[in-house]
Amino acid sequence: MRIRKGWVLIGIIFLLFVVGCTIYSRTFYQWNLPKVEIMAPRSGTLLLGQYDVRSVSKKEEGSGGFTHSTQILLPLTVNYFYVDDEAEVTLTGIRNSTRKGRVTSITNTKENLVLTIGFHAENFADGESVDVSIMKETIPLSNIMPKSALHEDDKGAYLFVVTKEQGTWGREYVVRRMDATVWASTEQEFSVSSTIEYPVVFASDSKLADGQQVRFYP
Amino acid sequence: MNKFLKFILVIIITMGSLTGCSFEAKNDELYNSKLEEITVHLNKYGESVDELIKSPQNGNNSTQKELATDSTDSGLIGTLRISVMWPDHETNLIAVAAKKFQALYPEVKIQIQFHDDVLKYQAQTSVELMSNTAADIIDFFYIPYERYAAAGLLADLYPLMNADDSFHKEDYFVNVFEAFEDSQNGLFAVPLSFIFNSVSMRQDFMKSFDAEFENRGGISYQQMLDLYVRAQAGMEDENLYMSEFASATSWFEFEWDNLVDTRNKKVYMNTPEFLSNLEKIKRIKLTENVTQTKDGPGVIGSGYFIRDEIFKRNPAVLFVLNSSIEENIQTLLPFHDMIYSKPIPILSDGMPTMYAPFVLGITNTCQNKELAWKFLSYCMAERALPVKEVDTNSFLFRLGFPINKQNFRKLVQAVANDTLSKGGVAGYSFSGNRTAVIEESMAQVEKWCGMKGKVMQMDLNLFLDLIYPDLYQFLIGKQTAEQTAARIQTKTEIYLNE
Amino acid sequence: MNVTIRSRNKKKYREWVLWLLLLPSLMGMLIFYLLPFFLSMYYAMIDNVVSRRFVGLQNFIDTFRNLSFQRALKNTAFFILVGVPLNLICSFIIASLLKKMTKLKGFFGLIFLIPMIIPAGAVVFVWKSIFDVNGILNWVLYSVGLPMKNWLESEWVLGIVIIIFLWKNIGIGMILFWTGLNRIPKTYYEVARVEGGSAMRQFFNITLVYIMPTGFVAALLSIINSFKIFKEVFLLFGNYPSEWVYLLQHYMNNQFLAANAQKLSASAGIISAFIVSVLFFFFRSQRKLSEHFS
Amino acid sequence: MIKRKNMIKRKNMIKRKTWQGGLLYISIMALALLTLLPIVLLVTNSLMSGREIVSRYSMDITVFNVLNTEYIKAGDAPFHFVEMTFLPDYITFYQYFKLFFKSPEYLRLFWNSVILCVPIVVGQCIISVPAAYAFERLQWKYKEHLFFIYIIVMLMPTQVLLVPHYLLAEMVTLPPYLAIILPGIFSPLGIFLLRQQLKGFPHECLEAAQVDGAAHGNILYHIVLPNMKPSVAVLVMITFADYWNIVDQAIVFIKNVFDEPMSIALSKVMQNDTGMFFAMACFYIVPIVVLFMACRDYISQELSFVGVKN
């Protein structure tokens, strides 16, 4: 009638193994966590498109009370210009003769988009060649980020956001996947419709997954 | 021997934690710097958009005026304990209001306990209530507050409301208070925000099935189901969809009051109509989660617009639930080529149904009920919406319409403005003056929110235990409708008789 | 004379030390178990936690009249009346089988004891995958050609709960009966065989009679363990199981979640009354039987 | 001649005995296998990879995926039986690796359980051993009634005691762990078990020790304790098993998710990471099995004394 020494030994070895794992998880595991670079999304406007076209101005009672009007052709993919958008019209070659013009109507032919711009100009002759520059910026946006921050999988476009959460041993930094609908985007940057209150990950040394603990680069 | 073991263990753990925290310091200050940057941007962005809203705005621009309660009862003292089922965050209205309230009344001390696990929150609240050590104000998120009120654990709020003369009833949606009254019309839980369940239907289907529900005051879930089945029978290729909200769970959520009579403990679930409805639920086809790829510059469409574009491409989605404020307002604004109808309220036996995401109550064991009511009315009262970014404001009210009429107007206006500006960029043109459009849509929403409604309080935990196991077996075809109906009937009877 | 005085107060002195040894456990039991019991009985007597109106036995009467409580009582009673005797019979059979074996007796005894210590959370998954609609049992029936059945929702579900109860509690019963059987001296059996009694008569008037005291203790232990089965049933079926397996603890757990202290403590009071009566009957009959035999 | 007939009788007697013995062994072996089936399954399945587990047990393992609408599209789900095997197709230790090296929270939960159980077991022994001895030696009219109260209180359901314990913890502001440990230490189970053991203990030698001047303390220490060791071992094991899978008290008293013992995390793991469930269940069972194996001799020896008249 005695306690089995063999099993007591197994028990001690098991406990030491778990102690070892706990120490590993507190030291080595923390040191080589994936490293990420975070940034605060900048606010401002996104330049959707900028076009400088030379065309011919016509003198006539254009709609909307403008003295002159001109037409410019743009590629069909451009879909962000609307009536009442502003444009600058300058006589080719003559400095400080720019006039403020407005888009009066938008029609499209088979290959391209036709924008007619009306503007006031007393001393422009009919048939003068003018340089029209029109650009479209989005309304001021609160979160603009580089394209490298955007990821995509079968469930849709998403970002990685770093939050400080209550971890196993006190507070730790965790990467969270945030689904986002891309609101406006250009080649380098894009903006998202929802508010982003946490720093966004735009570069990381290994593939990230939701709920993963991370450390910062420097 | 084990003394030696313990000695090694202590050394290793201390050494480990020491190295751990040195890294911590560097991480912290980098993370905090980035965090400040963000808040600075948000505020700067806030001012820039402010002109947009302020310029066309008319009349009483009282957002900045802090609600100065009259000085008579400034002598408030005491402590308040509040337990909230929402993390401590700037979108947590109670946390924000508590800070301001304490600034206003320095002697008042407010302790808030934040929870995030629903099961634990329910267990702890019931133990605290039973042992009379409950917090003074409790957040009824997933909490069966009718049963607590029936057990006499909650305080009736009407006497407090009438006694407090600084609380003018006409500033609030009184019809929503009435919807929350219990059988002896005592008010045991006050909603800080509410949403009327409404649905939009495809206009072309509406004409073909002469389902002019708009001017019939609303549609019941049963009518929607029958219409869907009829439409599906009409379509040859059978790919008529309903949006995610119409899964089998919502049948029980909307028709719970007809199926269960809680007062005299009757359950009508093995009736022939119930069986035929079970068959109908089985035929609903739900939209997969449609993805929006990121290619192509300028693809624009946030929440409510994206649905229009996507569902244009989808063969046919008959009904779409307007679950947030944006969706309700978007369908009201006069964009021309909208394929979905104006919001139609969902009825449950003739009464428009309402869902309250943000409900608070005062416990009977609270010593200083006046102070608790003062704080509650302060949370409900008109407040300056701190950040112009619409999302954070609507989260403050947990995506519901605020119960205070001024807050309601401010939020709806901000949302309408945001919708119009985003709509403009997203290629939805509309004619007419922007402010007139906003005013008109706001009046429409306010009239609509003034309806006399009924609160849909379906406790999801209850549904998980009572109905889901058998419903799931039925939906994957392992159980006939009769068996399922019989089983759900007996289980619900047990629940009612408890 | 003074010798007697000294010995008497020495006895008095010894008594005091014994009380000192008993004190911590007594105090602990009072503070953490007896007072809470009386507090919960007080809760059962008042009608609601705030107004504290004394109501007397009204809550108990309501609980008795409550339909769900009656159903729960019926199920629990059925479970105990079928489960405990079945457990005694099975462990007795296994114990007698083991008695006949020569080699490997300790090894098999050990195997039957292991389920007692396995926690419910780990094994409930195995029970679910055996008895579920598309589980092993249905697969066997399907391959044999018999009609399949949703066992976890059918009227046989209490049988499944009893199987789990047996699986967990056969070990203890077997050990008790095994040592009880060893305790019966061999001589009684020789005498019975000499008188030419058949195996059956031998069994009835010797083994059965002498095993009775151990039988009592085994029955008491399995009744105590029958209350622990709630953990498995809760993990398998959740708060509202089908009506055949709705036990008393389910009723109490749901009242607990609905923060209804009155119904909770009233039902607890009723259960304790049942336990007290069963125990009282047990101890009285055990004391009577042991006088009869010694 | 007679010898041959006896020989034949004895031979078929032996034949009959071996035939019956064989049947006995087979039946016991079958019963033992049935009892061990769940545990063996648990261990072998823990070697399976997460994907294989989900594909094998694709039945609705969790009740809680209520709002995912896939099940409706899979309305015509093929009738898929659970394929339970003892040998997984592809043996991998990845779960164990992930459990021990990749997820520090489960280790923390393990230590929470240990911190919760060890004080209770130690406290229980320190309190119950002297109390049981004192109970046995005390000559007091109402001793049996007091013991009867101990047994009734032992059988009280936990939900009832939860509310008063919470009230007590609130009044005396006990930290959550202490609010679970203190009621655990003073549970009457210990005294019930130890007293049963002492019932079989001859009083005469105790009186003899007392006569030749031994104080209670060293009587307890030198005579009673050595042969109470078996029942103490049983008490340790039962209490450890009880408080190792504690659920109700832990949910109510412990507020922070990472302070909870492992028993609660087990059901959560089943929902969100089924692959890890088996590995964690094995990790969870090891301490109790080791404890049981270590003092299993005491179990069989001690329980036999329970209730037998001396």
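Going in written order, the chains are labelled A, B, C and D, and every chain counts its residues from 1.
By our rule, a contact is a pair of C-beta atoms (placed from the backbone, for glycine too) under 8 Å apart; a residue touches a chain by one contact, two chains touch by 3 or more.
Nothing here was measured: the structure is a model prediction, and the numbers come from that model.
Fewest steps needed to get from chain A to chain C, stepping only to touching chains, is 2. Farthest from chain D, judged by the mean position of CA atoms in each chain, is A.
Nearest to the common centre of all protein CA atoms is the CA centroid of chain B.
Inter-chain contacts peak for the pair C-D, counting C-beta pairs in contact.
Between chain B and chain C the centroid-to-centroid distance comes to 47 Å (mean Cα coordinates, whole Å).
Distance from the chain A centre to the chain B centre is 29 Å, each centre being the mean of its Cα atoms.
Between chain C and chain D, the centres computed from C-alpha atoms are 15 Å apart.
Centres computed as Cα averages put chain B at a distance of 45 Å from chain D.
Looking at chain C, one finds that residues 43, 133-134, 238, 256, 261, 264 touch two or more other chains.
Residue positions 63, 79, 162-164, 167, 257, 291, 296 of chain D each touch two or more of the other chains. Those residues of chain B in touch with two or more other chains are numbered 123, 127, 130, 132, 464, 469, 478.
Taken pairwise by the contact criterion, the protein chains fit none of the simple patterns, being neither a path, a ring, a star nor fully connected. Every pair of chains meeting the contact definition is listed here: A-B, A-D, B-C, B-D, C-D. Within the complex formed with chain C, the chain B residues making contact are 122-123, 125-127, 129-130, 132, 144, 147-148, 151-153, 364-365, 461, 464-466, 469-470, 473, 478-479, 487, 490-491, 493-495, 497-498.
By the touch criterion stated above, chain C contacts chain B in their complex at residues 43, 48-51, 66-68, 71, 133-134, 150, 153, 238-240, 242-243, 246, 251, 254-264.
Across the complex, chain D is touched by residues 117, 119-120, 123-124, 127-128, 130-133, 244, 247-249, 282, 284-286, 288, 460, 463-464, 468-469, 472, 475-478 of chain B. Remark: chain D residues 100-102, 104-105, 107-108, 110-111, 229-230, 233, 256-258, 286-287, 290-291, 293-298, 301 touch chain A in the complex. The touching residues of chain A, counted against chain B in their complex, run 16, 19, 22-23, 26-27, 30-31, 38-43, 48-49, 77, 79-80, 82-83, 138-143, 150, 152, 154-157, 162, 164, 169, 173, 181-187, 190, 193-199, 215-216, 218.
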